[in-house]
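Worksheet: one structure, shown below.
Letters A, B, C and D mark the chains in the order given here, with residues in each chain numbered from 1 onward.
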Amino acid sequence: MNASLTSSIVTTAVGVLLLTAVLQTWRRSTAASVRLLVVQGLALAGLVAALGASRGDAQLLLVAGLVALVKAGLLPWALGRTATGRLVERDSGVRPALGLLGAAVLTMFAYAVSDPLRGGDQSAAARALPAGVALVLIGFWILLTRHSAVSQLVGFVVLDNGIAMVAFLTSDGLPLTVELGATLDVLLVVVILRALTTRMRDTHGGTSVDDLTELRD
Amino acid sequence: MTHLSFLSLATGFALVASKAHSTTFTQISAAQITGPTGIAAFLLLLIGFATKAGLVPLHVWLPRAHPEAPSHVSAVMSAAMVKLGVYGIILLVGSWLPQVARPFAILVLALGVLSGAYGILQASITSDLKRLLAYSTTENVGLAVTAVGVGMLLSNAGQDAVATIALVAALLLVVSHAAFKTVLFLGAGTILHATGERDLDRLGGLIRSHPVTTWTFGIAAMGAAALPVTSGFAAEWTLLQALVHGDGRANTTLALALPVTLGLMALTIGLGLLTFVKAFGMAFLARPRSEAAATPAPEFTSKPGSAAMGVAQAIGALSVLALGLAVGPLATAFSSVLGYSGIITSELGGLRLVTIGVLDPYALGLVAVGLAVPVALLVLVLRRRVPRRETDLAWGCGGVRTSPRMEYTATSYAEPLVRVFGEALRPTRSLEVSHHAEDHVLEHRVAFAQEVSDIVEDRWYAPAAVWLRVAGDQARRVQNGSIHRYLAFSFAALVLVLVVVTLP
Amino acid sequence: MTVLLWLPVLVPAVLGALVAWRHSDAYARYVPLAVALVILTCGVVLVAAGTIVTSSVLRADAGASYVLLCIGAVAVVALWGGLSSTSLGGRGESLICAFLAAMSLAVLSDNLGVMWVAIEATTIATAFLVGHAGTRGATEAAWKYVVLGSVGVAIAFLGVVLVYASGRAGGSPTLSWVALTSGNLTLSPHLARAGVALAVLGFATKAGLAPMHSWLPDAHSQAPAPVSGLMSGVLLSVAMYAILRVQAVGGAHIGVGLVHGLLIAFGLLSLAVAAFLTLTQRDYKRLLAYSSIEHMGIIALGVGSGTTLGLTAALLHMLGHGVVKAAMFVIAGRVLNVTGSSRIADVTGLLKRRPDLGWPFLVGSAALLGFPPFVTFFTEVAILVALTQAGLWWAAGGAALLLLVTFVGIARQVLGMTVGAPGTQDHAGDHSLVDDPPRWFRTAPVAIALASGAVVSFLALVFVPVLGAAAAALGVAR
Amino acid sequence: MIATLLVVLQVVVATAITPLLIGVMRQVRARLEGRIGSGVLQPYRDVRKLLAKEPLRAEGSSIILVAAPLVLLVSSLLVVALVPLVTTANIPAVPNDLFVVVSILLIGTVALALLGLDAGTAFGGMGSSRHMMIAALVEPTVLMSVYALSIPVGSSTLSKIVVARGADVTRVVTPAGLLAVVALVVVVLAETGRLPVDNPSTHLELTMIHESMILESAGRDLAWLEVGSWLRLTALLGLVVNLALPWGLADSMQPLALLVAVVTLGVKLLVAGGVIAAAEVFMAKVRLFKVPELLAGSFVLAFLAVTASYLAG
């Protein structure tokens, strides 16, 4: 695979990732969010695959498969069970316009702070680094502004995708053991939060985290 | 308060230690720290030790802690722990930071003098025996620190001999206070145990059921009131001599500070006298003012601890007297420790300040005995001739005894003082007069209430406590239960860190 | 010796799995305690051996051995004390085992990535422990704990990733802590800087440092008593240990100024939060939680001072605080059993009503407040001294002031609970399990913990070389 | 030895002359008020009468009832022995240090106050309370006057002060010296319970201070109390007159000198007592709560005396 193709795949994937993240701040329905997550996971897997192909690194290709399985398959599936199975939830968060505006500001901020981090590296991967940071920040932003439990989960996954993106763009991913462990951890966290969401519905009669204000000083 | 003390001491020591690069006392002395660090360290250490010592305005823990603590704990606390504070101050100004301390002599002196006067004023008007003793601790410590302050001032003026005498006085004060205050607290404990009361307004007449406690308490009270020939008297005499022999002509500060100190100290002594007359008289003399005091538990029970208590009190009382009698050797020892030879033991074992004066308890006692002998002979003769007769009441203003409520109480005893020092004590009074329904001139009922609280506590500490509570209430908003707020904190931290990282 | 590295990780993992498998087993209750004892023993042996032991990805130097010892000690106190008060029903025990396995792994691994994975694993293990009660409050606490905790740790992961990436410039990216601190590597300074800062920020979340502390009071107050003790004494300490490791990496390449600055800021902020929120606190388990924040703040200040004295004192403080706090949570759990309420206002006159609980509670509070002769006293003084020596006198002053406020807050509440006349009657007697262990068995862990909190101060001769070695292993010369 | 004999003589003379002093004061007052009076020797007869009478012991009172009068008497005798009345000599080991003198006076004060409390009557307590308050408030003035007097001499030893003043007339009339003596006069009036602080001849309990404390004592107890209080007056008044007119005191056993000393003391004392008694006729007792003002005033005088001798010296 030649360099320009890799470069264009990487750029496309990064673009898709960023776009889906921004869209996440706009869309309210849980089902839509989960679909966007699938797209995002696929884009990430594509990115990893492209990097692996360009380097001829079999291990990285394997990781790409793993990423596709977990991020585009298992995670959305785990999240989506609520969304599609029981009831479709709409999140009441801050107004979409404000959410989008926030995402835009954060993206700019990400570019501003990531610039020195590249340290003069002009490769496509390095130039895409700010997008990773932006994804992290946008994920955080979703966590901050959404009021339903599942939406917060979505935000967490976006944040994690951002980190993974940074990892692949800057260093072709971490050592395999660490990568596996990390992936497993994230998966488990999401599963646990899902279980807690179910329990929350039992105890609080809903999944809005706004109801979680009993423990306070 | 203990913590305030601990923290200021810790920070102070931290400053000193970081300058001296060592934590041993000798190294600190050798380091000769000066400058702003020295001043900060000095002030912090002073606050720390002053709190430990219970000096005004850092005394508030004393009258609160003592009434709650068991009496023997109070005794130890008062005799030992508080002393650590004084010892610390002496070390601080004498050894660790003498250069820095010099300009603050007036501050130390003011702390001491004010503590003395304020402490004894509060002690004189309270009717709670243990609170009284606690405030009296503040007074005694105040006097000791006064002596330290006087010593500092005098040595600033180059009058080192007199300054040393003042320091010796401080040490004597500390030692004698340890002796008599232990006995007083043990006595208070015995009273509390016997009657369940520590309110002097409800005590009385214990001299009949508790002779040992009465006499030991009485002797210790004499020490506290600085009557001859107890150790307290010798100590205060030494300090007074130092004051009078300091040469005020040296500078204006001295010319004003010495008389003011003497005046306030004299007031302290006078009020101390009143305080302990009140404490002793109200607790042990007259008739019981309450049921509990009328039927106290016996002084010595079969319980093993009770005799030991009596022995402890007796030993303490003896040591109060012994310290008074042995003041000469004691002071000589102190002065030789300080490297001063102007204090020696006089011929009969008394205390002689060379070129200043002599205080000899033995000689004084001999003269008194000599004068008492003819009186005693006369009494013996008269006793045989005219025996004493028991009667209900000799005068009693018509001879009517109604109820113990007619007696003077500790509160009424101190009432004139509350009036005289109304400006300083700010008592709260309320007077309710309810009139008869038929006639407004006839009064049905009059209720009067008066309460004196610690104004330092009310004016300084209470507002601080209120402020802290408000701050605490405001701070609760931080933790209002909203996960979004919590995430926002983390997010803000993340953004800030990112910005910091990017900055070159 | 290498077996000592694997035992603390594998024993809990295997036993935990066994318990999970046959969770009806009557002995399940005692398994966590046994595991804790294994960890403690390994820690003691490793510390005593004093050599660096390496095996595959695991590695124990003096610092790791010491922290392992801390974990073991705290876990023994918390789990022994917790035996009588609460039943965790099999699954809880296996989760505790998993938690301990992950903690041991985090401490013993030589790899920042593995360490991160282990710490994140503890979030997972403890999530259900926090939510164990199944009540509204427990669910809420668990949710907040997991969301805030894993977001924080995710930031730390970003940091780890960036540190790894920074090694690419030198051609050999690695996460091995030994390699990273050896000084033979060249790291891209910008990336390393960002990575270290983010890693510290992330682990600080787990360490309960303000402003990322928000999960802590909720989680500590809702979890069963022994779990609160474990979280406070073990989890926070291990997170702090992670910060120390990251700090050492930073020190080897970009200087420690940034990390120390962050730690000072976090430390002071933690002290402030703890100080003002204890003032009007109404729940005694939350009170203890805020006290944990306070103590982590103190430790952060000690590390942030950047001096050997500060670091040593911080390490000792870690042990002292952990052991005492575990005992305190155990007592708090028993008080809760007796009174049925965790509100401070509902608990009065403990000294008279239940002297067996009141006295240790009072003494433990004194230890937490840093009274002599408890070790906390000496370490707090040492940390203040260290701060001043480092020229951070303003931080020392601020810390002293905030400690005073904290003292006011905690002392007032604790005195209100213990001293004074008992108010209402007991809720409904003691809810302890039917097959109560004998009395000495219940009091022993608390007594041992408090006593060792005081005794450690006087074992300076024993501890100085150990601490010195640990500090040397973890620290960076300024 | 000579000094001891001189002191013994001084005690005997002062004790003998004291009832006469009281008698003279009462007589002067009686005459000025238009009464005949009972004669200057009446106090001697009073003492004899009291000693012969049966002492009473009220139910509920304690050993204090017996002991306090004796303590007061002995302390007063001790003060008389220490203060330079007839002689400026003193026993070497017991210099008449003014601080010591004051503290011995305080022993008597305390004995009286405890006596007042002992029987548990309302009036006794009241008197004791007022007595102690005044004693406490007088203390600063006392010590300050001592201070003022000791500055020029560099010693607080009374005989040295008196001798120094006698040797140099200018010292007596310095402003500081005068201020100090005036302050001391107020102190003496307050300490000995004279008008305007206390009225020794009142018969209304509510206005009593000194008298109300001794209401329960009778017979010889009362005699000791009376004599003790009178001796205090003698000692303090004698001290003041000797400070104001520091001449005529004996310092050896020469009979002539002694005679002169005794006679001058008698004259000085009786004249001073007469003057005080005369002044009391024209004076009303001030309200109890005005007393502090009076004492504050005298304190300021003494304070000024001290600072004046420092700042002007």
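By definition in this document, a contact is a pair of C-beta atoms (placed from the backbone, for glycine too) under 8 Å apart; a residue touches a chain by one contact, two chains touch by 3 or more.
All values derive from a computational prediction rather than experimental measurement.
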Each chain counted as touching subunit B and subunit C at once: A
Chain whose mean Cα position lies farthest from subunit B: A
Leader among chain pairs (count of C-beta contacts): B-D
Inter-centroid spacing, subunit D versus subunit A (mean Cα positions, whole Å): 99
Euclidean distance of C-alpha centroids - subunit C vs subunit D, Å: 75
CA centroid of subunit A to CA centroid of subunit B, Å: 70
Centre distance in Å when subunit A and subunit C are each reduced to the mean of their C-alpha atoms: 31
Overlap residues in subunit C, where contacts from two or more other chains coincide: 143-144, 147, 151, 155, 194, 217, 277, 280
For subunit D, residues that touch 2 or more chains besides their own: none
Overlap residues in subunit B, where contacts from two or more other chains coincide: 475-476, 478-479, 483, 487, 490, 494, 498, 501-502
Interchain contacts, given as pairs of chains that touch: A-B, A-C, B-C, B-D
Residues of subunit B defined as touching subunit C within the complex: 2-4, 6-8, 10-11, 13-15, 17-18, 23, 40, 68, 468-469, 471-476, 478-479, 483, 485-487, 489-490, 492-494, 497-498, 500-502
Subunit A-facing residues of subunit B, complex: 475-476, 478-484, 487-488, 490-491, 494-495, 498-499, 501-502, 504
Residues of subunit D defined as touching subunit B within the complex: 11, 51-60, 62-64, 66, 70, 73-74, 77-78, 81, 91, 93-95, 97, 99-100, 103-104, 106-107, 109-110, 113-114, 117-126, 128-130, 132-133, 135-144, 146-147, 150-151, 154-157, 205, 215-220, 224, 288-289, 292, 299, 303, 306-307, 310-311, 313
Subunit C - residues contacting subunit A, complex: 57, 111, 113-114, 116-117, 120-121, 123-124, 127-128, 131, 134-137, 139-144, 146-147, 150-151, 154-155, 157-158, 160-162, 164-165, 167-169, 173, 175, 188-191, 194, 217-218, 221-222, 277, 280-282, 286
Complex contact set, residues of subunit C against subunit B: 143-144, 147-148, 151-152, 155, 193-194, 197-198, 201, 205, 210-212, 214-215, 217, 258, 262, 273, 276-280, 369-371, 377, 380-381, 384-385, 387-389, 393, 396-397, 400-401, 403-405, 407-409, 411, 419
